[in-house]
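Here you go, one structure.
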Amino acid sequence: MKELHNVNVAMRTLARELLESGTVAGVYGWKKGSRPTLTSPLYIQDAAKADRLAYDQYAVSNLSALLLDHRNNDKKRAIFVKGCDSRGVVRLLQDQQITPEQVLVIGLPCPGMVDEAGSLLTKCAECRFPNPVMADQVLGGVEVSKQPSAPTGVTAEAARKVGVGSRAGERMAQVAQLEGKTAAEKEAYWAEQHDKCIRCYACRNVCPACNCRDCIFDTEKKGWVSKAATSSANAFFAITRAMHVAGRCVDCGECERVCPMDIPIMTVNRKLQQDIEALFGPYDAGVDETVVPPLGRYQTDDPEEFL
Amino acid sequence: MGEGQRELIPQSVTVTKIIDETPDVKTFYLALRDQGGRCSAPFHTLPGQLAMLSLPGVGEAMFSATDGGDHLQLSIKKVGRLTDELHEMAEGQQVGLRGPYGNGFPMTEMQGKNVLFIGGGIGLAPVRSVVRYCVDHRADYGKLHLVYGARTPADLIFLDDLTKHWPAVEDFTVSMTVDNGDDEWQGHVGFVPAYVEELRPEVANTVCVLCGPPIMIKFTLNVLRKLGFQPENIYTTLEMRMKCGIGKCGRCNIGHSYVCLDGPVYRLDQLHELPNEY
Amino acid sequence: MKALAKKNLADALALLAGQATVWVPAKVAGVTRFAPWSPAVTLDLEATPPAVSPKEILLPETESLYRYSAYGMDVTFEAVEQEVPPTIIWGIHSCDVQAILCQDDVFLSREPQDAAYAKRRAATTLVALACTTPGPDCFCTSMGLEPAEHASTDVQLHILTDGYGVEARTARGEEIVARLAEKGLLVETIEPPAKAQACTRAVNPEGIDKKLVEMFEHPYWDELAATCLNCGACTFLCPTCHCFDLTDHRRNAHEGTKIRCWDACMFTEYTVMAGGHNPRPGKKERVRQRFMHKLRYFPERYGKWQCTGCGRCVARCPVHIEITDVIKEVGEVTLDG
């Protein structure tokens, strides 16, 4: 994409400098994949490989969860982020999974991500934070903003044209549609979806909010959860996952994108967002590091009576 | 028991006897007990073969088994949740057992040779099954020499065998060492590899059976090489996480070899052909 | 050649379903996978290949092995007997037929056989469907397969303009064909079957099994593994991955069921030993195991690739780690000395 030509050049130059100077031990970005319509994650430690970096409208992967691989390592890693990705980094910082010293965040302008057929992704049409919410540096003239905002930087026009953020107001449409169903219909719907789950944990592993060192679903020895991939055990996993990221989910949509069984995970995440906002007021997770997530604070006027 | 997965379904066996070997090692005697209280072995094992012990609801783990005729013996060190629970058991308790698994030592191939046994810590358990076999078939083997080491005198297992039974066997030398002695310890102090070097065991027409912690194995192999042992004459056993025991569940592989089925006994030259991932 | 007209397909399936469970590619909750045929099932014979392989038919995601109980000093183990009905897998492609041969190697070729697998396999008849329009990630021809047919199926279906050419390859296959013929569901045709189009992707795996022997310590694995999520998407979708766990489904502190469920070498916990030692401690070791198994260890042990080129892992890896790239890149590596 021509608007991003200079950004690509700048990314490579910056990555090369950062690695050569020893400022960072590694750089997370993207590279072109096996098809022109694929842009996949890349990690480089060697300045000579900086030229492999690439960024375009197919760079959908949120790389932030990969930083968890280095949480026990003091060295700094650079990471390129789109708006939604930057919220993942904030998530990790706020959850104290990484420290600001361990990461150098480089914000990029987002042209809106498209699928292989070229259609704008739903998450992008519904996006409210197309600009990085935090960054140590930016490329392509993108502006850092902690407020819902219109796309900025060199791809602002392109993003507007494809409709980034155009359906931000309809984010809860799928939730509303489900809420319109009867309890029995809902149950049947989710049973069918959960039945499909193969417990591959791609949704968990890609998620910056799923950052527990020891996930309960891996600690089989304690016997709290069953590894059986039955509909009920899968539902237990799905609900546990959803509840555990409630109020912390940064809305990046990665869990749903990576699910090989196409389970509509975002519908659950959004439902919880909606409920939390109804109970605790507006809150956008992973935007402002200083604002504690609603389920993480203690307040005497908590809507839940037992507190 | 019906058709089912015979290979994967345990039988109930009774713990007929428990021996406290050291503060963290116990030997369990396991047998099928009939109405009249008579015991019989759940199955027979070759030296070096494995048995999967299960505590229902807690878990399963694989151990080196020693055939005791009318029972099987498993010597188990406390290393985690399952083994902790096993150590809490009393005689008379039933547990699940399945097996035997694995290849075992090539006792026939070893006939006519001298055998040098080297064991470290709990590694004496598989070694002991070979020793017992050689002692039971004394005429088939040449000179026997055991070098055994543990961290402290209190960590030495199978003391009766070490101090009474085996030294009484014809042409059987038992050399013991500990890493750290105590006030009463009169024997040798030092690590196994160094002791082996010091003892200069016979190399000609000798096969070596070596089991113990990875670090001990590594250094002992250096010594054996120095002494002139060829990889074709050294056998060792490997440990991996195991679930099925029949080469299907996948997790115990080292390269193309499945430790539960093709191992756990490997000749050093065979091991050299495999990736270094254990 | 005998032919089954498309309009007779439902009747044919209904006839066979009278005596066997007939698994067909179908759309289930938005995903193409194999499902037991009934008139209510939405057939999907176009998916190349179906998103979910038929692996679960012979190796269920979760199956009960035995019930256990432990009260006081006594423990009991009681086998859970599995009902295994006669089974037909209808519309399986060459890649997945080949995958079953790989599974046979693992579960049947070495003693002891896996009893549950053996029982299911013995009850299963394969009706393969020619694959003439490859999907975007298919590369089975590179792995030595022929998308239009597979020699080891019981019946091979060929694509005709308005139906399927039906060719029995085994006695079991003959039986099925005879039953269809008996009911007048087959006609004779001279129409030549459609030829398969070339696979979308092409790689050359020749010699990489040997090359990988020298590449265990190669830095390539670090680079490849850096972005891997260590999830189970690739292995669980793979029709040849056979790894499983034996674990407890507890009812209470005393009783429960021992289940067998899929497991994968990509998971951290997979190889951790009781004392905490893990022979594959990091992503690098786990990713290396997966590719080494498919492209070196399995060929060493069983004499065939453990990859059929079905492309499912390629299609669904969240970070696009593609076995086609691995085959290509391993081929390109220069080894010094």
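Note that the chains are named A, B and C in the order they appear, and that numbering of residues resets to 1 at the start of each chain.
By definition in this document, a residue touches a chain if its C-beta (ideal position, glycine included) is under 8 Å from a C-beta of that chain, and two chains touch if they have at least 3 such contacts.
Since this is a predicted model, take the numbers as computed values, not measurements.
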{"item": "Far-end chain from subunit A, centres as C-alpha averages", "value": "B"}
{"item": "Selected pair, greater C-beta contact count between A-C and B-C", "value": "B-C"}
{"item": "Chain closest to the middle, measuring from C-alpha centroids that were averaged per chain", "value": "C"}
{"item": "Separation of subunit A from subunit B, taking each centre as the mean of its C-alpha atoms, in whole Å", "value": "51"}
{"item": "Between subunit C and subunit B, distance of the C-alpha-averaged centres to the nearest whole Å", "value": "38"}
{"item": "Between subunit C and subunit A, distance of the C-alpha-averaged centres to the nearest whole Å", "value": "32"}
{"item": "For subunit A, residues that touch 2 or more chains besides their own", "value": "223"}
{"item": "Residue list for subunit B, restricted to those that touch at least two other chains", "value": "57, 59"}
{"item": "Contacts with 2+ other chains: residues of subunit C", "value": "245, 248, 250, 263"}
{"item": "Residues of subunit A that touch subunit C when the two form their complex", "value": "26, 28, 33-35, 38, 40-43, 61, 63, 65-66, 69, 192-193, 195-196, 198-202, 204-206, 218, 220, 223, 226-230, 254, 257-258, 260-262"}
{"item": "Residues of subunit C touching subunit A in the complex", "value": "28-31, 51-52, 61-62, 136, 201, 223, 226-227, 229-233, 236-237, 245, 247-250, 259, 261-263, 267-269, 283, 314, 316, 318-320, 322, 324-325"}
{"item": "Sites on subunit B touched by subunit C in the complex", "value": "1-12, 54-57, 59-61, 79-80, 82-83, 92-96, 239-241, 243-244, 246-251, 253-256, 261, 275-278"}
{"item": "In the complex, subunit C residues that touch subunit B", "value": "65-66, 68-70, 73-82, 106-107, 110, 112, 114-116, 119, 216, 242-246, 248, 250, 253-256, 258, 260, 263, 265, 270-275, 279-280, 285, 289, 292-293, 296-298, 300-301"}
